[in-house]
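Below is a structure I'd like to ask you about.
To keep things simple, chains are lettered A, B and C as they appear, and every chain counts its residues starting from 1.
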Amino acid sequence: MSHLETQNLIYVYGEGTPFKITALDNVNIDIQKGEFVAIIGHTGSGKSTLVQHLNGLLKPTDGKILLDGENIWQSKSKIFDTRFRVGLCFQYPEYQLFEETVYKDIAFGPTNMGLSKAEIDERVRNAAKYVGIPDDMLSKSPFDLSGGEKRRVAIAGVISMEPEILILDEPTSGLDPMGREQILALIKNYREQTGKTVIIVSHSMDDVARFATKVIVMNSSKVEISGTVDEVFEKSSRLREIGLSVPQITEIFIKLREKGYDVSEKIYTVEQGYLELKKLFEGRGIS
Amino acid sequence: MIKDITIGQYFPMGSVIHRLDPRTKLLFTIVFIVTVFLANNFISLFFCLLFSIVIIGLSKIPVKTVIKGLKPILLIIIITSILQIAYVDSGIVLVDVWKIKITSGGILTAVFMALRISLLIVMSTMLTYTTSPTSLTNGLDRMFAPLKKIGIDFHTVTMIMTIALRFIPTLIEEVDKIMSAQKSRGASFDQGNLMKRAKALIPLFIPLLFNSIRRAYELANAMTCRCYNGGVGKTTMNALKFSSRDYMSILVMAGLIGGIVVLNIFCGEYNAEFTFNLAI
Amino acid sequence: MSIIEFKNVTFRYESDDEGVVLAPAVKDFSLSIGEGEFMAILGHNGSGKSTLAKLANGLLLPESGEVIVDGMDTKNEDDDIKIKQTVGVVFQNPDNQIVATIVEEDVAFGPENLGIEPAEIRRRVDESLKLVGMYKYKNHEPHKLSGGQKQRVAIAGIIAMEPRCIILDEPTAMLDPEGRRDVMNAIKRLNRELGITVVFITHYMEEACEADRIVVMDDSRLLLDGTPKEVFADTEKIRSIGLDVPQTCVLAKMLKNDGINLKNDLLSIDELVENIDDLLKGQ
């Protein structure tokens, strides 16, 4: 059975006004337990609207969202429950920090869940560990931290709810290369250690090509392509048409193939590319 | 919810009314308000109504939109009407059951007051519907510029108004986003008693406050980089200039006041109770 | 001739806590920016690169050393307006630098402050908006535009002051790929068509590659200065300070280490593919 599934999801806002927009148009996605899903699309493709449906923040105009086979809109109490089971971390989450201390901010979610003090404490410390926040930082004010640190505290604030599914909307936007690598590494690490389902929303193929087990490409409110990284990158020309790019390294190999060389197109990292080219040169007796 | 409020909204329809100098429109609004208060009988008031219908027609703003602008004050209109009906005791008695006594005078007064309030609101909203916020602040800026001679710097006030108008939509968007983010962590903004609800707003207001301070700081830097120095020696791209349209409008305004005064004299006051009501 | 000259500049921010002295954000920094140059300043967060933008037009004043803009010392208050008119600065968050509620009125803000004649302001506003491709949005409300569009309006607002140099502090950091591309194109036009000196601060190496000259900042100091090919040739050094190197450079370097005779200065994908093709065909 699917872990999280949408059935003919439609979302229209501004119904009845001249500004009516269909933000989601018959979207069907299907996510299994433990998958690492990347939702890719440019701004306005509907990807952020989609994830806000997955934790019950937005109510669909039509269609269903099933969590473990059950409709999340069945009852009001269920929706509350869904928000804890499907943790959603917004873009630029550092701008939502509000507590006096890092500890209290991370504890906000678990406290709303009505957990005991001991349980909250355990969860806060666990979450802090996942994002690499040292103990002495927990008593600091979140407003005194650096940009990258704030981002990690905000992510911990969602992880601490111990959701079955963790969704991160553009978790690396605005960060420098080092900050980006740190965030991606911690997400990868979190998934490996917990085995939980993770969904990343991004407009960058580079970020996700390395980890994702499934890629969902959104374009003009619809699912354009869905499949493994290989399956999606096979349609690189279509990706470029809808304003998405493939990693630089992949493009090198696409161009080499166009020139008639027998190289793999499924190259997403420099290391893979290096090995493939070495093979090519060695095959021709150059090395 | 916050997004439904239309007061302060601008509808660029490019009509004759839109093209009037903002100062003319400001003056016009003031004159109209005075006139509506001067009108002390139904005929005068209908004259004002007729006049506002002409203005709405000329402005090309859909009548539906204009009426929608009345929605926020509907409750006030209803309450005043009920009070008038309950307290005014004159004319023919229509209903007299137990303690409730409704008279024709009461109903007429209620209609009169409701019409008067509606006219005031409609014409005030027409000002913002037909004048862009920037042009309005420009108008205020120029209108009150002479105050500088007596030490009142109105430019600062209009600059603050411009920035407020510019940032209101940005902040509304931000409120929406922070609320969604905190809801995702299990916060609820619409449950529990008043105390609990007030407390629930902390996770919304603290980030909003911090972000606003950061925005203010960045905006100040950006304004400095664009040579802002408090409006000293500032020019305006769209310099305000009275055109023949504006002079015409001033004539119309004079006509309006004159007409009402004449009508008032001819038709006489509506009735004694009404004057009493006006006094309080 | 240089338009901006940093001479041994040191600057430190004041701490909120009394008695605490922060480490300098910029340390003994010297750089000469020539008129008409198209330069990128590359560095990770906290390397001091954003402070440079504020020092360059007198928004911040150096603790020691001096910043000379077209012969004027930024410390001289009398030249303040003239300096800010000569060197315009565009910041990261487009939302926080747009003042007016209508696009064209925002672009007019700078020239209005300078006391320019209304007709001339109108001409400048129209031309600036056309240059950044936002003319058809001139009567729009800024908050209804996308991030990339807003940023182009902010750029037009600076161009309308007719500066000789424009500094952009991470203008694309908050934008999506499409917005980033549009902003980069607008920036390139400023330099190529109007001859305005452009200095843009970024941590995206793809963008830095488009410049004629790259200055790399690390730990408040100038680390490298050269053409993109020169700078990225030193892949280890760039990577050691937490910056990206174009994947083509890394790949070429790895292959060269294996003794494959690739050229030294490969930067773009096409250059690398071409070179590999030549080598294989040469056989």
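List of remarks:
One rule holds in what follows: contacts are C-beta pairs under 8 Å (C-beta built on N, C-alpha and C of every residue); 3 or more make two chains touch, one makes a residue touch a chain.
As the structure is a computational prediction, the values presented were derived from the model and not from experiment.
Path length between subunit B and subunit C in the touching-chain graph (shortest route): 1.
When the interfaces A-B and A-C are ranked by how many C-beta pairs touch across them, A-C comes first. Ranked by distance of CA centroids from subunit A, the top chain is B.
Chain centres here are Cα means. That of subunit A falls 46 Å from that of subunit B.
Distance between subunit A and subunit C, defined via averaged C-alpha coordinates, is recorded as 30 Å. Residues 42-44, 146-148, 173-179, 203-204, 243-245, 247-249, 251-252, 255-256, 259, 261, 270, 273-274, 277-278, 280-281, 284-287 of subunit A are the ones touching subunit C in the complex. The touching residues of subunit C, counted against subunit A in their complex, run 44-46, 146-147, 173-174, 176-179, 203, 205, 242-244, 246-248, 250-251, 254-255, 258-260, 269-270, 272-273, 276-277, 279-280, 283. Residues 12, 132-134, 162-163, 165-166, 169-170, 173, 214-215, 218-219, 221-229, 231, 233-239 of subunit B are the ones that touch subunit C when the two sit in their complex. Against subunit B, the residues of subunit A that register as touching in their complex are 52, 55, 57, 80, 83-84, 87-90, 93, 95-98, 108-109, 112-113, 143, 157-158, 161.
On the subunit C side of its complex with subunit B, the touching residues are 54, 57, 59, 81, 84-85, 88-89, 91, 93, 95-102, 104-105, 108-118, 121-122, 125, 139, 141-143, 154, 157-158, 161.
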